[in-house]
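Each chain gets a letter, A, B, C and D, in the order it is written, and its residues are counted from 1.
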Amino acid sequence: MHRFVLAVLRRDLTLATRRRGDWLIAQFFFVMVASLFPLGVGPEPAMLARIGPGVLWVAATLASLLSLSRLFADDHRDGSLEHMVLSPEPTVLLVLGKSLAHWLIYGIPLLLVAPVLGIQFNLSWEAIWVLELSLLLGTPILSLLGGVGAALTLGLRGGGVLLTLLILPLYVPALIFGAGAVDGVMAGTGAEAHLSLLGAFFVLSLMIAPWIASAALRVSLE
Amino acid sequence: MNLYTYASPANFYRLAGKLIPWFAWGAGILTVWGLYISFFMAPTDFQQGEAYRIIFIHVPAAWMSMFIYMVMAFWGAIGLAFNTRLSFMMARALAPTGAMFTFVALWTGALWGKPMWGAWWVWDARLTSELILLFLYIGIIALWAAIDDIRRGDRAGSLLTLIGAINVPIIYFSVKWWNTLHQGSTINLMKAPSMAKIMLLGMLVLAIAAWFYTIAVALVRVRRVILERERQTEWVKAILEKEN
Amino acid sequence: MSDFLLSVHDLACARGDRLLFKGMNFSLKTGELLLVQGGNGQGKTSLLRLLTGLARPEAGEVRWCGALIGRQRETFHAAMVYLGHANGVKDDLNPVENLRFAEGLQGRTFDAPRAVATLERLGLSRCLDLPCRVLSFGQRRRVALASLLLAGAVLWILDEPLTGLDVHAVTLMEGLIRDHLTAGGMVVATTHQALNLEGVNVQRLLVGNVAIPELAVN
Amino acid sequence: MEWASWSDFWNMGGYGLYIWGSYGVTVAGVLIEVILLKRASAETRRSLKRMQQWEEQ
């Protein structure tokens, strides 16, 4: 079982290293969306610090969505998805492995870029630290829930836009808890409550999303 | 004739045809009664003046938006578990009405909010989760529209409804909690003490009217879908010929 | 190999609201080839997808050794390998890597010398470290065939396996199928091309909406 | 009875715009849904009959 998840993971990571362009685009998108906000709302440091956590979280959400439509689509196009689903191993583990790979490829780099953007937004070091923690807990949720959307919209015309429409509402709790944690530490009320709720939402997503995504995958391949 | 017989599309088509007028008339009569209560029997509220009369539609619409979503999730789950075509048809038939009531709840909420709170829109837990519920309805309807294959569409839509159903309560409580942190006091739409019995009765009557309306509309829609999906069968051909 | 049995009972298949076929029955024993024939859009591919368990039948059932395939997914998928229109070959990987990941995804350990030997047997010895992107269509099809051979499954389900193959490769494929059947395997295949299958136990199945003739055994 | 006159009724203690705006949009929503549904049903029957006649020929 673990071996299978590792096999999926190793495969997707290898494929990602062969196509580094896609990976960079998502990171640049994150930086660019976040950098547009100061241009739009003005450079006042206090205000930037006030909106920073929310902006960075929304930008991270969108950056993660950008790559999601291809989570299964590439493998669907060349037929390898069918082979994977026809493996004796459970489809749920396949979905888990692919979501994990998506998180490692597109989620973790967001964590590396976020501190730089945090400085741009005049966040304190403590706030940046909490931002990192919240992204660490929150970005896997985006990959897990996104897997459901990617499976549902597999092979549809305009699937990418539809995916966004389906999945963004489901992200709301992650956004609230994630940005709230940073807000909390800046307002002095502490981040623990937000972070533990975010953690709970992560565990819940981990338990439920792969099952629904694997059911959706089988429906879409039918 | 047992329940199972009614689960066949042909029998359900006939049964639905008989039921629709009852529900439609029921909805009409109850609406008239409910409106009479809300405009002529319910007294002026000493705090909110006449503006509170909006809740006679706002609250039933908000109830309906949630109930219809739950019923859709229920039919979707039944369909996924037992592979019954009719339950998927019911789920599909309910969605547009659910979205309509969600929109009405938002609209009336805004029109009530303006005189009461001085703002068309506040990011309180109820309005925000209602807004996200509308997004979910739109997403589900869009997914159905995008998938040509009937079987795939049925199942995919139901899976999305289910994951949404798990998420809606979480969204509600997260927004509520977020709200208490951001605004000192939460605004409560229904201050319990001032709720007179007659107001509750008015809302209930209109809510039941809305239910009857929803059932009638959903049945009409299901009948249409049955005709389309069963067009190859003899009984549909017979029905169409009779109408010619 | 011990005896295996793939059987189909009263199978019906619909696409959209169009019924492709219904009341289909057949059974396939160890050492037999089922050749599925019929025009375009008559449901050949749909039938194969039903047999793999990717698609669910409108009515009827598919059984493997007497039990429903859905009830023994793991056993059945371990015993079956499917090659569809798409090769399932990743363009960014070379043939050996493709086989390595394919094996890993099927839950098996990768035997590198055997994989290389198989690729060489299929005439790919000069492309072993090239990304599949630069290979021709026929060469990529051969990579897919290599993964089929490595799988060591009893039941092969092949959708147009000869598409894009040259004469030499077609002969090779015929040999592979014959070897597989002699070794006690089973094959279900669709093809538009003529196959030289002397000495092979062939069942022919015509798929179509028009009255399905009972199986004409060659 | 709460209302002295019709104009009193329409005025709703100064909240007429909000109240009638709410009820009006609700009625419009229901009417639009019913009309669209009626049209769609008629269209379905028409197209099915057309298809049937086409098949009979």
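Please note the rule applied: contacts are C-beta pairs under 8 Å (C-beta built on N, C-alpha and C of every residue); 3 or more make two chains touch, one makes a residue touch a chain.
In this text the structure is predicted, and so the values were computed from the model without any measurement.
*Asks:* Averaging the CA atoms per chain, pick out the one whose centre lands closest to the mean of every protein CA shown.
*Replies:* Per-chain C-alpha centroids ranked by distance to the global centroid put A first.
*Asks:* Distance from the CA centroid of subunit B to that of subunit D, rounded to the nearest Å?
*Replies:* Centre separation, subunit B to subunit D: 16 Å.
*Asks:* When the C-alpha atoms of subunit A and subunit B are each averaged to a single point, how far apart are the two points in Å?
*Replies:* Result: the chain centres lie 32 Å from each other.
*Asks:* Based only on mean CA positions, could you tell me how far subunit B sits from subunit C in angstrom?
*Replies:* Here subunit B and subunit C have centroids separated by 48 Å.
*Asks:* Compute the distance, rounded to whole Å, between the mean C-alpha positions of subunit A and subunit C.
*Replies:* Computed from C-alpha means, the inter-chain centre distance equals 37 Å.
*Asks:* Which subunit B residues reach two or more other chains?
*Replies:* Counting only residues that touch two or more other chains, subunit B contributes 149, 228, 231.
*Asks:* Identify all positions of subunit A at which a residue touches two or more other chains, and write them in rising order.
*Replies:* 222
*Asks:* Can you identify all of the chain pairs that touch?
*Replies:* Pairs satisfying the touch definition: A-B, A-C, B-C, B-D.
*Asks:* Can you tell me which positions in subunit D touch subunit B when the two form their complex?
*Replies:* The contact residues of subunit D facing subunit B are 1-3, 9, 12-15, 18-19, 21-23, 25-26, 29-30, 33-34, 37, 40-41, 44-45, 48-49, 51-52.
*Asks:* Help me check something: in the complex, which residues belonging to subunit B touch subunit D?
*Replies:* 39-40, 43-44, 49-51, 53-54, 57-58, 61, 96-97, 100, 103-104, 107-108, 111-112, 114-115, 213, 217, 220-221, 223-224, 227-228, 231, 236-237, 240-241, 243-244
*Asks:* Show which residues of subunit C lie in contact with subunit A when the two form their complex.
*Replies:* 49, 52-56, 73-75, 77-78, 80-82, 84-93, 97, 101-102, 104-107, 131
*Asks:* Would you pull the subunit A residues touching subunit C in the complex into a rising list?
*Replies:* Listed in rising order, the residues are 3-4, 7-8, 10-11, 14-15, 18-19, 77-80, 82-89, 94, 218, 221-222.
*Asks:* With touch defined as at the start, can you tell me which subunit C residues reach subunit B in the complex?
*Replies:* Contact set of subunit C toward subunit B: 15-17, 19.
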